[in-house]
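Here the chain labels run A, B, C and D in written order, and each chain numbers its own residues starting at 1.
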Amino acid sequence: MARYEIYVTYKQGIFDPPGATAERALKNLGYEGVEEVKIGKFIRMSADATEASVAEMCDKLLANPVIEDYRIEIVEGD
Amino acid sequence: MARYEIYVTYKQGIFDPPGATAERALKNLGYEGVEEVKIGKFIRMSADATEASVAEMCDKLLANPVIEDYRIEIVEGD
Amino acid sequence: MPESLSAELAPKLAVELGLNPSEYEHVVEILGRIPSITELYVYSLMWSEHCSYKHSRKALRMFPTTGEHVLQGPGENAGVISVGDGWAVAFKMESHNHPSAIEPYQGAATGVGGIIRDIFTMGARPIASLNSLRFGTLDKPRQRYLFEGAVAGIGGYGNCLGVPTVGGEVYFEEAYEGNCLINAMSIGLMREERLMRAVAAGVGNKILLIGSTTGRDGIGGASVLASQEFDEKAEDKRPSVQVGDPFEEKLLIEACLELLDQELLVALGDLGAAGLTSSASEMASRGGVGLDIEVTKVPQREENMKAFEIMVSESQERMLAVVTPEKLEAAQAICEKWGLLSTVIGEVTDTGNFVVRENGVIVADMPADSLADDAPIYDPAMTRPAYLDEVQAFDPATLIHPESVAELTETLLRLLSSPNICSRRWIWEQYDHQVMVNTVVLPGGDAAVLRIGDTGRGEMTTRGIAVSSDCNGRYCYLDPYRGAQIALAEAARNVACVGGEPAAITDCLNFGNPEKPEVFWTFHEAIRGLSDACTEWGIPVISGNVSFYNESFGNPIYPTPTVGLVGLIDDVSVTATVAFKDAGDVIVLVGETFDELGGSEYLKSVHGLVTGAPPALDLELEAAVQSAVRAAVRAGIAKSAHDCSEGGMAVTLAESAIAGGIGCSVYLDDDLAGVSSLFSESQSRVVLTVAEGDMDGLLEIFDANEVPFAVLGQVGGERLHIGEKIDVDLNTMKLIFEHTLEKLVGGEMQTEELFEG
Amino acid sequence: MRFGVVIFPGSNCEQDVVHAAHHLGFEAEYVFHRETDLAGFDALVLPGGFSYGDYIRCGAVARFSPVMSEVIRFAEAGGPVMGICNGFQILAEAHMLPGALLRNDTLKFICRDTTLRVEKSTCQWLDTAPGTVLHIPINHNEGNFICDHVTLSRMEDNDQIVLRYCEPDGSRAEGGSAPNGALEDIAGVCNERGNVFGLMPHPERVVDPATGGTDGQAFFTSIVGTLAKVAG
């Protein structure tokens, strides 16, 4: 059983409406030094599976290859 | 200018329907060893701001302190 | 026998859980011993204000609850009326105020989820929702956050279910700043014979828990949030916020309706406030039977949950069914088909006791009927609040009023930019209001109209229902008796404007702390007013909800008895909207305008005052006006119909012109000062338009109903022209009217600036 | 003419589609997502809704329902498939149609009438003349169509863009006419062959004049002509 953390983000060049809106809102709140806010997904799971198998889960379901990239990290294994 | 990564997740004990759905879907796809899938937000930004100030942004806007926790990481500073 | 708490601990815990010492003594008396911890939790919740109506029950008996259409009155999960051709409609309104003040999106979403469960529990398919909202003013960021979040939550939940949200109302007033109101109404449709009641029966039958897993979310929510005053510490109660799962609810709807279609259930109940406890004990006490539940069978999403936690958890999207052993397998197969968990957690017994076991060991054993029926009933003290004399004595004539055409026109624009009057498009565009393809009259007018029928099965009718929810809290603050009557009058008038005949209402009575005599007096007066009008007009109350302790920082909200009304329409192809249609159509006022500026939006927007006596209401005249309007609409004569409410005649005309994209030219011949003529909120008025050739027919209808009326002028042009009073072009009005709300929400400007800009 | 209307857990416009078909005199039947036999249907519709709650991404889970491999087979054999709203999202997730649907740029759910311009396309589901402006409501949170440049120019070259949001006069506003931020105002696209079609607006809501209008009728009637041509 290992614990995985998966980061799903929009591909370079894909406009990210929530990120853009958050950036504008933060600036409105007075945080002017904020830039390039991007909002993606952060998925955690425990899995009796190899990293390759987790990558497969991402390719199939957890990320959409047309618009998203992902990165997998193993937090702890045993 | 520093780059921050922020991980927003539901607080302990709060039900996470997207996570539960993902878990069921993965199991249906044959990944039976998957457990405790939780889906949160992964936010990246560049900011000319201190970590304390980023925490403030989280409290005010990026996370919902009533139901979510967050963690901030500095990726690179200068 | 379950293990009692210690004699020292029990009374202390009882107080902490909200039971007062005499209520605790009563529990001991019923049980003949000191309660166990599970029992104490169960009683404290079942006897909480929210579940037991202990302060309101007596006053609610004033309501008339029977009538020709009523199939099920108050007492079940929702009321049901027959709407013709064997079709029946179930409906109810409920508050989710306090959870929404903590977390507006989830609070509002789970509010919608809860009321919709009440509807399909009755065997009806939810077909429409309405929402009645109150917030503080939008110049405060927190209020914008609450408003935006609540609207998103209502949409997020209802849209996902595929139930159209077709109407509602919203007001922004300082009085709601610390305590917003989120009242959700749901309406469902069924064949009459399918009506289901949550009555457990049949010794040996299985108790089936269907739907989501049980967690610690919302533990004690009902008693903690809804049964005490709301203060700044409320944020500490965070863990009790629940996250809604509309997807699960959608599956529950489909599965439960299929279970009922196939006649596989003996009883069905939803798990709402106080969770398993209230649902199971109500089913048992209604059926006069006992239940035996094993808590370890309940599917749990968290570890090490205690028996009492499982019993009182308010985890959402769960239903409880009673099934005979023979039909169990078939029933579970349907749950499985819809991807839902279903678990037998107990059995119906003949003991009359509600027994809870943990691994076989009894942890609670209570007479089932004592939970529902032995709850305390109070007769709270009442005192007429002193402020009433002062406000009612105020004479608006003592103020300096605008008089010139320029001033009056500017005043109208100011009213059109009032957040309480401007277009609500920003709200309803976030709601799917068309799914099920039965919405005949969309939001944006007076009442929404829905066609009756099951499109999915091709069982269509020409019948329809008209629905509206209304309550002007300001009027109720200035005079709760009259204010409550006006709430009903306005709802009924809105329904008359689309050709509907009022059939029944539901209500949601939002008030402050009932233990304060002044608050309770307003509550009692509101019910009395509503009851008197309901009786006079023959409109029964078939369901409702009381929400007390709506206070913040020690001040009660305006008394807000929201009325949700359902009216009947025989032929949905003949209805009317508020929009002016064609140039040359004659504009007619049904009813009469009086010098009644008390409590008006004009006094508030222009003078910053909430005072004066609210407009008078003549019950007989109101009924006659509605009947005349309904007849004109049903005869196909009325090309538009719009009632006068907040903002008065000028706003009514402006709204019809904006909606139709065509102006009008009228003259108000009423001997009143300009402001009264234009902005008075006199009741029992409706503006109709008819083709010139239909005037004779219209006059006949007026004659038959003996209503006062006046011919005001004609539709046409691109301006709103009110002789000697107002002259403004349509576009100016439209821009202000249509965009105020989104701009205020965006924090882009304050009302004042918007107007100046 | 017999439509199969596929129900996924969380679909909620299936009865609307069936009603539209019935209103126009066609047969329509529900197909539950676990079914694997599509024999007897002339055309398939994937209706709107929130399949699997739209969790993870709209359409992401539904794509793996048992019926989907049959839907793909049906389309590959030339059978006409139309995805409306969530149905479009599912077809895109299943790579039966190009592109993806992001969150509306307003970050708000939008339910309102829109004006759409019919483009010149190979779509078998719509024989309305290019340039015609139709009034059809939208109802979605994620209808912001996007694809990469290569895909876009390929779609343009192949006449795969079927519908664009437009101004009431048929023109496209400079800053875009799409209420949701969609790339190039795209509201509906088809595959190269023209038999698989996805659109965000809801034509089924404007088929029965009692509750809407009639501008959506062509989306159900055109396919009859197409199929007749193929058969003939």
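The rule is simple: a residue touches a chain if its C-beta (ideal position, glycine included) is under 8 Å from a C-beta of that chain, and two chains touch if they have at least 3 such contacts.
What you see is a predicted model, and the numbers here were worked out from it, not measured in a lab.
J.: What's the overlap between the neighbours of chain A and those of chain D?
T.: Looking at chain D and chain A together, the chains touching each of them are B.
J.: By the contact definition above, name the pair with the higher C-beta contact count: B-C or B-D.
T.: Top pair by contacting C-beta pairs is B-C.
J.: Could you put a whole-Å number on the gap between the CA centroids of chain B and chain C?
T.: Each chain reduced to its C-alpha mean, chain B and chain C end up 36 Å apart.
J.: Find the geometric centre of each of chain B and chain D from their Cα atoms only, then give the gap between the two centres in Å, rounded to an integer.
T.: So the centroids are 34 Å from each other.
J.: Using CA atom averages as chain centres, what separation in Å is found between chain A and chain C?
T.: Here the centre of chain C sits 40 Å away from the centre of chain A.
J.: Based only on mean CA positions, could you tell me how far chain A sits from chain B in angstrom?
T.: Computed value for the inter-centroid distance: 9 Å.
J.: Which residues does chain C have that touch at least 2 chains other than itself?
T.: Only 245, 247-248, 339 qualify.
J.: On chain A, where are the residues touching two or more other chains?
T.: In chain A, residues 60-62 touch at least two other chains, as defined above.
J.: Which chain D residues touch at least two other chains?
T.: 52-53, 55-56, 60-61, 64
J.: Mind listing the chain D positions that touch chain A in their complex?
T.: Contacts found on chain D: 56-57, 60-61, 64, 92-93, 99-100, 102-107, 144, 146-148, 181.
J.: Using the touch definition up top, name the residues of chain A that touch chain D in the complex.
T.: Residue positions touching the partner: 13-18, 20-21, 60-62, 64, 66-67.
J.: Can you list the chain A residues touching chain B in their complex?
T.: Contacts found on chain A: 1, 7-9, 19, 22-23, 25-26, 29, 31, 33-49, 53, 57, 60-62.
J.: Using the touch definition from the top, list the residues of chain C that touch chain B in their complex.
T.: Where chain C meets chain B, its residues are 102-103, 106, 212, 215-217, 235, 238-239, 241-245, 247-248, 301-302, 315-316, 339.
J.: How about chain B: which of its residues touch chain D in the complex?
T.: For chain B paired with chain D, touching residues are 17-18, 21-22, 25, 28-29, 39.
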